[in-house]
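Letters A, B, C and D mark the chains in the order given here, with residues in each chain numbered from 1 onward.
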Amino acid sequence: MSALLDVQDLHAYYGKSHILHGVNFHINAGEIVSLLGRNGVGRSTTIKAIMGDVPPVGVVRFAGRDIAGMKPHQIARLGLGYVPENRDVFPSLTVRQNLLLGQKSARQAGRWSMQDMFRIFPRLEERADTPAGVMSGGEQQMLTICRTLMGDPDLVMIDEPTEGLAPMMVELVGNLLAEIASRGVAILLVEQKLTIALKISHRLYVMGHGRIVFEGSVADFNANASVRQEWLEV
Amino acid sequence: MLELVTFSTLNGVLYGMLLFMMASGLTLIFSMMGVLNFAHASFYMIGAYFGFEISRHIGFWPGFIIAPLLVGVVGALIERYGLRRVHRYGHVAELLFTFGLAFVIEELVSMIWGKAPVDYRPPPSLDFVAFSLFGTTYPAYRIFMLATAVAMFVFLILVLRRTRVGLIIQAALTHPDMVAMLGHNVPRVFMMVFGVGAGLAGLAGVIAGPALVTQPSMAALLGPILFVVIVVGGLGSLGGAFVASLLIGLIQTFAVAINVSLADVIGPTAAGIFGELGRAPLAQIAPVLPYLLLVLVLILRPTGLFGTRES
Amino acid sequence: MTGMRYLLCFAAVAVALLIAPVVFPSSVAITTMSLMGVMIIFALSYNMLLGQTGLLSFGHAVYYGLAGFCAAHAMNIIAAGKLPVPLPVIPLVGAAAGLFFGVIFGAVSTRRAGTVFAMISLGLGELVAAFALVLHTFFGGEDGISTNRTKLLAFFGYKFGPQIQVYYLIAFWCFVCIVLMYALTRTPFGRMCNAVRDNPERVEFIGYSTQRVRFQAFVLSAMFAGVAGALAAINFELMNLQSIGAAASGQVLLMSFVGGAGHFAGPVIGAIFVTFLQVSLSDITKAWMLYFGLMFIFIVMYAPGGMAGWLALHWPLLRNGRIVRLLPAYALAAVPMLGLALGGVMLIELAHHMLVQAASDGPQLSIFGIPMNGASPWPWLAALVLFAGGAFGVRAAWPRVADAWGRALAAPGTTKVNS
Amino acid sequence: MNPAIALRDVRKSFGPTEIIRGLNLTVNRGERHAVIGPNGAGKSTMFHLISGRLQASSGVIELKGEDITGLRPYEINRRGLSRSFQITNIFPKLSVYENLRCAVLWSLGYRYAFWRFVDRLKDANERAEEVLEMIGLTARRDTPAGVLAYADQRALEIGVTIAGGADVIMLDEPTAGMSHAETEQAVALIRKVSEGRTLIMVEHDMGVVFGLADRISVLVYGQIIASDTPQAIRANPAVREAYLGEEAPA
């Protein structure tokens, strides 16, 4: 069986800076995969390159199609969802309008409806008609994930969803990720912390200096203390 | 006095609404693409000329519909094959491109239709007196202009607030990249907004042409005022553009109507202090007022009345 | 460049200015060259803003025009009062006036940069133009203010009646201004102008106030524009509202950009070229303003460095002789380009003639000396074929040019130019 | 003696979100101080506040005992603080040499002079040459800065920062985006240029941090949670928690 997302020898540059030095990894349909690593090792750049936000050099195949060189909106339309790290909610629009914009067209019927979102996060329903800009960081994080889900992706790539969140919120995010996976949607989770990643991931990748430096299951990772020390800890 | 106030208010609001029909497109384009479109008033002029040309052959009403659409298409094509190309050289190049475009459009128009004003008239169906007040008559065509402008305004608000496309536009104003990554074709939205903005300006031209003078310098006369409107209102603020349009519309019409000089108001000393300026009637100084307002606003409130960003 | 090379360069400029009237002695040529001299100063002063400091102004003619009016009034006062002031110092009056208005308006406009600065400059330009319509005493209304340069104190016996004497007066000031403005670029202030243009943000982190740099650049630039304005007043013996308005501001922008804002010599080339076109093209075709605009758009889209930028791109190749490798590709591309241009010109001329002149002069016209009938479809067809064929040919030939460039640059011993 | 830099209860909000929440930090004179912390903790914001690019919502910032809160960047720079940027921030069309010369002009007192030639300013030229050699770009002296290779641009970024001779220098991720070999060179350069000065840097590469810093502060969620020697920081359970999200072992 071929992977849902297959990345081979991916390079990427920010201006003149060579950030990715040949990244290889893959994600199968319905799988939860975490991409770990310290700040600045190229995790965010990896997803941005896949999304076409940073020009990718190398092979990026999604659902059997070569997507390197496509425009971000074309890639999104193929079923690849992206939740950015800086939680780009549309601040002047209401929560409901933000969610509506997640849909790619007005008539789209997918795995997720607005009601689903409100059921999972009652808080969003309470604030449905308030501008998204006035919500707390955690609520905005929920909103961005839900907004992406409204587009009915087959794979969501989520960049540091727990960054700066209170422990209770972190747990909520964890639950949401589990719910996403339960509907057969694959997840690529980019994280620095291990809290959620170790709990829910099927497989892990660790990045260092623009390359993948470790690949394996959670058990493999736990068994290999040197990886943790060299590439993640202070 | 009451007569003067009534008619000046009517005309001022009318002029203000016309300004807003252009300023709204200009503001949207600026907010989205960061481009101050120098050629925006040129679209207004093309609208008037297209309207004139069509009305000559098949009548005013077809022109009223077709001309703005044509201008919109021209605008969209210019965005797609001109502006988008220049984008990579930065904002200065974009500004210069639209500057050159305004120049070329003026030359083309005077080449095709001549330098003298053309005879673009209101349709006979609207060529009557709407009402008369205190012995002065008010033409029905002006009422029609006002109605069109208000209808346009309502339409714009509805599209922006109530439709999906409006939502996408609002979101793309601040976060174009994120909007694209949700699967919306942002470049196409830009092109559309540019086209619709141009079309709105064209519509303003179609309806203003018969009331004012349709001539090749009409763009150059109006363009700078338009910039005053959007800077005074606050760059990127649609509400600000609306208020500033009305403000400038009213100031201009009242200034023209009131035939008083500074010397009449504060006595002959004014002439001593302000010299010629003190003696000149307000009507003569009227063209200066918008720019004076612009400079004042920039000194006292650099973000404009409702703006949030400085540049 | 070493000191010796500057001296040589300036000496060459001086010699060129001196002998130009000998080489082109016709009265038309001398009138044109006088105007070019004025425009060179004006365009260079504009480029202190656009090219050196990165400020796009749409109202630079304000300083040129106001200084011109001041100079005209000064000349009239001097003549009326028989004051012992000779004509050659009048440009200093212009400089002072430019400086004065530069300080006043600069204080308002240089608080901001970028698009907002551009808008303020446009607004100030319109403001002054609108005031000029009201203030008849100073601006003279539609007629403007006329003056008589010969009524001033004779300068070593010269009364500056003949145009050739005026030419040398302008040439002298032109030379002085070129040297001064070039010298300015070599000072700490000049370097900081460039730094502000390149990266205003970082400038604040190496100890400089960007606003102060912009203000100083603005004031000095207005001063030089003032010199140009005073020379214009001397040259025409008349200042009117056109010299202060948006059209004049647009023209100086056009000159600087077409010539190339990125190089010191760019505006000089632009001023000479555009003035020459204005004088010569306006005789040949009535649609010259249109060509002008199209040329400008072409340069914005395809050669944002202007003519000087294009030359500078070829300079290293010319020096090491590799330019010959480009010639075949250039020759190949030149043919369709010529076709494209010819076709375009024919279309415009045909359209212009049929729309504007045919009613009175009939459908007969001549383009490049070739007579044709605008009412017949054949010239139109020919023009279309030339235009479309040319466009197609340019597209086809372009990869060859790019390829030749790549190879000429990649050849060893050439300084690599990355983009 | 007053510390080089002191921040007292500094806060900064963007709209409703508070990014810096009562930050306290002391950097002693002559030390090399690294600031680390997870993404979004507010490290760059803190740099912007100290250097004057952003204005603090409340709190006090002192430079060598002098209150610099609310001053413009150039005023702070003139008081002896100079900073670099995370994203290279040089003068792209000017040559490498001109970049450095521009950076030394103010400190040598040339201000906005338009009556003297830069080429004749002996001290400015000597200083620029000196820095040029120090950052190892002598061979690229006349190249426009915009076409330099990335690592060279980063070196120039540091050069422009130190050229003015400020005694407090702040480097924002000086090795970001560099390869291994380039990072090593950068570390050597930083060591050299920070000799005898106070250095504050934000850095993600732990090798660089532990190799250079005398003291380390950990910034999490807008607050400094620890400020100590490298060994102490490595052993600090709160730091572990912040980085890995694991409960600290009891």
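Keep in mind that, in the parts below, contacts are C-beta pairs under 8 Å (C-beta built on N, C-alpha and C of every residue); 3 or more make two chains touch, one makes a residue touch a chain.
For each chain, UniProt lists the protein as follows: A, D = Branched-chain amino acid transport system ATP-binding protein; B, C = Branched-chain amino acid transport system permease protein.
If you're wondering where the values come from, they're calculated on a predicted model, not measured in any experiment.
The greatest centre-to-centre distance from subunit C, using averaged C-alpha positions, is reached by A.
Averaged C-alpha coordinates give centres for subunit A and subunit B that are 45 Å from one another. Taking each chain's centre as the average of its CA atoms, subunit B and subunit C sit 31 Å apart. With centres taken as mean Cα positions, subunit C sits 54 Å from subunit A.
Under the contact definition stated at the top, the residues of subunit A that touch 2 or more other chains are 91.
Taken together, the touching pairs link the chains into one ring where each has two partners. Interfaces, counted as pairs of touching chains, are A-B, A-D, B-C, C-D. The touching residues of subunit C, counted against subunit D in their complex, run 183-184, 186-192, 194-195, 197-199, 201-209, 212-213, 216, 220, 262, 417-418.
Note for the complex: subunit C touches subunit B at residues 54, 56, 58, 108, 111-116, 118-120, 122-124, 126-127, 130-131, 133-138, 246, 250, 253, 257, 287, 289-290, 292-294, 296-297, 300-301, 304, 351-352, 355-356. Residues of subunit D that touch subunit A in their complex: 15-17, 36, 38-41, 87-88, 148-150, 153, 173, 176-180, 204-206, 221, 233-234, 239-240, 243-246.
Subunit A contributes residues 14-19, 21, 38-41, 85-86, 91, 133-134, 137, 160, 162-164, 170, 192-196, 209, 232-234 to its touches with subunit D in the complex.
Interface residues of subunit A facing subunit B in the complex, by the touch rule stated above, are 51, 53, 71-73, 76-77, 82, 84, 88, 90-93, 97, 100-102, 104, 106, 147-148, 151.
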